[in-house]
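Letters are used for the chains, namely A, B and C, taken in the order the chains are written, and counting of residues starts over at 1 for each.
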Amino acid sequence: VNIITLTTDFGNGDIYVGVMKGVILSINPNATIVDITHDISPHNIKEGAFLLNDFYRYFPKGSIHLVVVDPGVGSERKGILIESDGYFFVGPDNGIFTYPIKKGLKKIIELSNKSYYLNEISSTFHGRDIFAPVAAHLSLGIEPDKFGNEIKEYKILNFDPEISENGINGEIIHIDKFGNLITDIKKEFMVNKDFEILIKDIKIDNISESYFEGKEKEILAIFGSSGWLELSVNMGNAADIIDAKVGDRVLVRWKK
Amino acid sequence: VNIITLTTDFGNGDIYVGVMKGVILSINPNATIVDITHDISPHNIKEGAFLLNDFYRYFPKGSIHLVVVDPGVGSERKGILIESDGYFFVGPDNGIFTYPIKKGLKKIIELSNKSYYLNEISSTFHGRDIFAPVAAHLSLGIEPDKFGNEIKEYKILNFDPEISENGINGEIIHIDKFGNLITDIKKEFMVNKDFEILIKDIKIDNISESYFEGKEKEILAIFGSSGWLELSVNMGNAADIIDAKVGDRVLVRWKK
Amino acid sequence: VNIITLTTDFGNGDIYVGVMKGVILSINPNATIVDITHDISPHNIKEGAFLLNDFYRYFPKGSIHLVVVDPGVGSERKGILIESDGYFFVGPDNGIFTYPIKKGLKKIIELSNKSYYLNEISSTFHGRDIFAPVAAHLSLGIEPDKFGNEIKEYKILNFDPEISENGINGEIIHIDKFGNLITDIKKEFMVNKDFEILIKDIKIDNISESYFEGKEKEILAIFGSSGWLELSVNMGNAADIIDAKVGDRVLVRWKK
């Protein structure tokens, strides 16, 4: 497999992503490069981690997922290569790979071998100088161990909402183009059948099966296609209707 | 040919498109996936149908055009595979494929064979669960008939403007990044040589050959690169200058 | 090498880019098409020229860079194919290729041979009708000379800031998604060690090594990853903080 996916907060309006593609193709002209998104909110590691978790397993085993949301570029944070859950991940050691690491970690390599870097290393663009060339060499079949030494300490973050005997204290992680509000509340957290979901001054006490069930402008709760609780409006924009934004609280309260 | 084009209203800021690419490459790692646009206005079937009509013929015969503008996902609307005009089309049966269907229909298959779906089917994301895997299998050379039974009833929509003895009652279908206003008025509808075009309080009575003919801030009428009547401003943004939006009326009045 | 990169001001919300990809793949189904960006400011040749200069060298030698920022489409401006600095460039003769031309020009061909055009030529979309098919044929190995005659007169522009004995009179060329302000001031222009940089009412008298050095909301001067002077804020958006826009002046004043 020589698939390399790209996920960044670089936007589509700049050349940063194009430059990374050039670096990759210069090393492996046969790499299949796949854009996931470049519109992660700037420096938002939590959003990036969530989105990564939602897409990576849909690719063939052995695919390389290159993720650059890297507020610490130029500081002492490490660059890493992860082998986990049947995939490779390349990027900064800042918690963005928390989900795949938890899923079945094989090993994490610190990217210390400079022979796989570009010749000149900037302090501002390791996506180009380190991560892209490492991913490209990896796609050529070079063994992970060649890129540096295995490390046992690395950053993982806890993104789960607080769950108590009263309910779940969640939040909006991401808002999609349709205005659907994606929360950090997983189906498996909804252990109690009787509940009410509270967002702003709205209460919802059942889960819909499809957007189609909703009346005009009615906020529905639904488990989205990746298993997260979403708040949506049939044919409408939930974010606009209730003026919601990333970070707003979403509470689930168990009813006795 | 193993080209699969993707056209959706999913936006570039989400992982939905990336997930579809992963599903396709898991089934056919050699597929050539081509992004057309993911910025169709949400649920706007008419805009999607127009844009599809304008690009699909530029691809090699046999290419597969996957289009997901799907407000009815989760309802009873069918998923279909169309063979028409030398191409394949995969997506929802909601009228979005009206133009290629009218152009030279060979057959339409209802996507009822679940062995070409993903194992688990959500109610919100058939692009991932049904359309992407069907397109990928089709690109491997599987016969259209394998995906389900041929159907003779399917949705086509009439997008043409009303044409009377007085003229044409058209509208703005799409506004591009330059602010060009693309209408639903085709060159072939302009049967009368003497006309005036009315939009807002502006009258135009000739068709320009190129943007270059216009004076500063002057609204030009021009047949765009796909044959639709466009209203444009040389080096300027027509949408901003006359504050136009999708759906605004554009009238053509025959002069006697 | 059969890599063709695409850089335009067409945006991602339209089908223009998708159509060009279809035209290319119809001629060379094995072309590797790489999107750089389609969000060059409309008709902004200077911004396009800067961005091109910053990415083209990262691709394998022999790659074809197709650039369409083309306010003069439909006028008498020529279409050209350039061989320079080990790469090919295809697009309008309007100065957008100034940097690679200056870098090591081998030859420039005027695209006069219509057998490499599409059959029908519009006056509004030479990206589709001329540049895409030429690039595709070129990627098949057709000799540059086949596309037309060599020309010795072509457009190059001077984008350098004015440099005097007092300092440099630069400007903001481009603002990226993080709000970094990229200027037209190159590292090599900063010949004097004692300087102050002035933008709006802010003075900066040293160059930082990384974003990480900055305090909250402090404007840093840094040489960006491509060597241009940038003004940035650690974990913040410089453009928002000082309300800067493309075209704003950035002065460097030598201190005695």
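In this section, contacts are C-beta pairs under 8 Å (C-beta built on N, C-alpha and C of every residue); 3 or more make two chains touch, one makes a residue touch a chain.
Just so it is clear, the model here is predicted, and its values are computed rather than measured.
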Topology of the chain contact graph, where touching chains are joined (line, ring, star, complete, other): complete
Relative orientation of copies subunit A and subunit C, as a Cα rotation angle in degrees, nearest 5: 120
Inter-centroid spacing, subunit B versus subunit A (mean Cα positions, whole Å): 31
Contacts with two or more other chains, residues of subunit B listed in rising order: 12, 35
Of all residues in subunit B, those that touch subunit C in their complex: 1, 3, 5, 7, 12, 32, 34-39, 51, 54-55, 58-60, 63, 174, 176-178, 209-212, 222, 224-225, 235, 237
Residue numbers on subunit A that touch subunit C, as the complex places them: 9-19, 21-23, 25-26, 29, 33, 35, 42-43, 71-75, 122-125, 128-129
